[in-house]
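What follows is one structure encoded as structure tokens, with my remarks underneath.
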Amino acid sequence: MSSGQEIFSEVVTVLGTAAFALSAVLAASKRRVDIFSLIILGLITSIGGGTMRDLMLDVPVFWSQDLSYVWISISASLFGFVFFGLLKKRWINEFYLHIDAFAIALFAIQATNKAWELGFGLPVAPIFMGLITAVGGGIVRDMLMQRPTLLFESELYAIPIALGCAMHCVVLSLAPQWSVLSSTLCILLIIAGRSLSIYFNIGVPNWALLGKSSL
Amino acid sequence: MSSGQEIFSEVVTVLGTAAFALSAVLAASKRRVDIFSLIILGLITSIGGGTMRDLMLDVPVFWSQDLSYVWISISASLFGFVFFGLLKKRWINEFYLHIDAFAIALFAIQATNKAWELGFGLPVAPIFMGLITAVGGGIVRDMLMQRPTLLFESELYAIPIALGCAMHCVVLSLAPQWSVLSSTLCILLIIAGRSLSIYFNIGVPNWALLGKSSL
Amino acid sequence: MSSGQEIFSEVVTVLGTAAFALSAVLAASKRRVDIFSLIILGLITSIGGGTMRDLMLDVPVFWSQDLSYVWISISASLFGFVFFGLLKKRWINEFYLHIDAFAIALFAIQATNKAWELGFGLPVAPIFMGLITAVGGGIVRDMLMQRPTLLFESELYAIPIALGCAMHCVVLSLAPQWSVLSSTLCILLIIAGRSLSIYFNIGVPNWALLGKSSL
């Protein structure tokens, strides 16, 4: 991996980690929860998905090798706790949703690349690693909070991620020399898909729902 | 392992994988769920238990080495989505329950054998690997769906599996040369136990319930 | 590790394992649950946290190397099932809570030491390993039972554990020769924190709750 890619990858992870931790603060806003539990929920959300990925890839858990992710997550949770009033403001919330879209896109493609470099179940399994890394932490957070997980939301969430990761895997298979360009484009594709879904309130069409168009 | 065992083992996994994915379609039938989430739930149900087993055994995750399980699971979910009307028919549902019994029996004994060959916590831990592989994916599926897991069902589900795996471990300890025969018999034993429970609606007796026969 | 430490460590694990299994019996007391599911829930509670720890540390799962933990957990669940009437008695219950405090303290510091010896994400990650080992099994148990997990309890539970593990990590960093003394003191510190919280019904202060003191 080139040094440019490494730096890009690190910047992305910092932003994404903070966005994920803040998502836990927002998700917890209707519960009676203390600052300590909030930090734990933030950590689970921000590093949980990548931890599952690393366990399946059988590589060292990423945050054990670079604790900065842990500090970023804790700092973001503390920030969210103190400035909680701000987080609930409408424009902040919309802004936040786009940051979150950015984070899931970056984490997903980053994980796809990591799994691809390790030759993990090529050419399909890296897509799952992308998905798990992007949504795994949030799903565990929702299970801990006894909330319905995003698998049952009508919004488009996991679908743009899966499409972006799949497209990236196609490029990695056919034209590996375009890896960096493809990473960038697929990240933008996921962000676009997610942002359009938020902005125009696009959901899954009826024919794609179980029992609506079945024989 | 002989070639015959390997082929048997693969056929079994194909059938079981499909049955598990279909179980996710049935479990989701009362929820608003789209085809994409259905595929994810199907994958979790069909390969989740084996994934937990492989993580604990510290061997490569099985589906990263042979993606056919992934394709089978996705195909079965798509099939279940399209022919959902059929799945809800009474005779199909009963038929399905027996296929599911077949799947859990095969997966459980297969996992017991895998753990035994690796010398994992002999002679008892392979029983847990059998149980986890057979029911782990379904339990995570139920947790994601906020349904009570099978641990709180009154039907006999995990008990026949544990008995079958335990019996197989006894044979592997005392007469390892009978491994293939014992695998077959213990699979049949689990299927029989589960099928009888379904057919005669046999549940756990009252004295085995917490608080009913305590001092 | 000296032989004295090893013996201490083993005695501690035996007691803690039994206490954790009994906690599952108590947690299940309002559910319709049979003896077999109780044993499974007991196993998840008592060896689940340590299993997560070992997966992240990438070392063999501890109970696969020493099955005694499994037997202790099963025996404790059977004991709890038979003498369930006793467990519900008020003084027994209070006694039990202190045993549980003892168990989480021991497991947490033991796990912190294990992670430290492996050089896992020093100096901070061992604190998480302590926390996960102490509360991970109980959290999964509560999720399986569809109960709110301890992260949303108002009692002090995870906070004394984190403080004790953090203090131990400070000593291991600055004065590693005092490891044994520090282990003992930090175990006592966690027990004291937890016991005082139970005895005086101390909870998280209001300013530490999300939304109560935010800007």
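Here the chain labels run A, B and C in written order, and each chain numbers its own residues starting at 1.
Keep this in mind: contacts are C-beta pairs under 8 Å (C-beta built on N, C-alpha and C of every residue); 3 or more make two chains touch, one makes a residue touch a chain.
According to UniProt, the chain labels map to these proteins: A, B, C = Membrane protein.
In this text the structure is predicted, and so the values were computed from the model without any measurement.
The chains that touch both chain A (Membrane protein) and chain B (Membrane protein) are C.
Rounded to the nearest 5, the angle that brings the Cα atoms of chain A (Membrane protein) onto chain C (Membrane protein) is 120°.
Averaging Cα coordinates per chain places chain B (Membrane protein) and chain C (Membrane protein) 30 Å apart.
Those residues of chain B (Membrane protein) in touch with two or more other chains are numbered 55, 58, 143, 146.
The part of chain C (Membrane protein) that touches chain A (Membrane protein) in the complex is made up of residues 55-56, 58, 120-121, 124-125, 128, 131, 139, 143, 146, 148-149, 151-152, 154, 158-159, 162, 204, 208-211, 214-215. Residues 25, 28-29, 31-38, 40-41, 43, 51, 55, 58, 60-61, 63-65, 67, 70, 81-86, 143-146 of chain C (Membrane protein) are the ones that touch chain B (Membrane protein) when the two sit in their complex.
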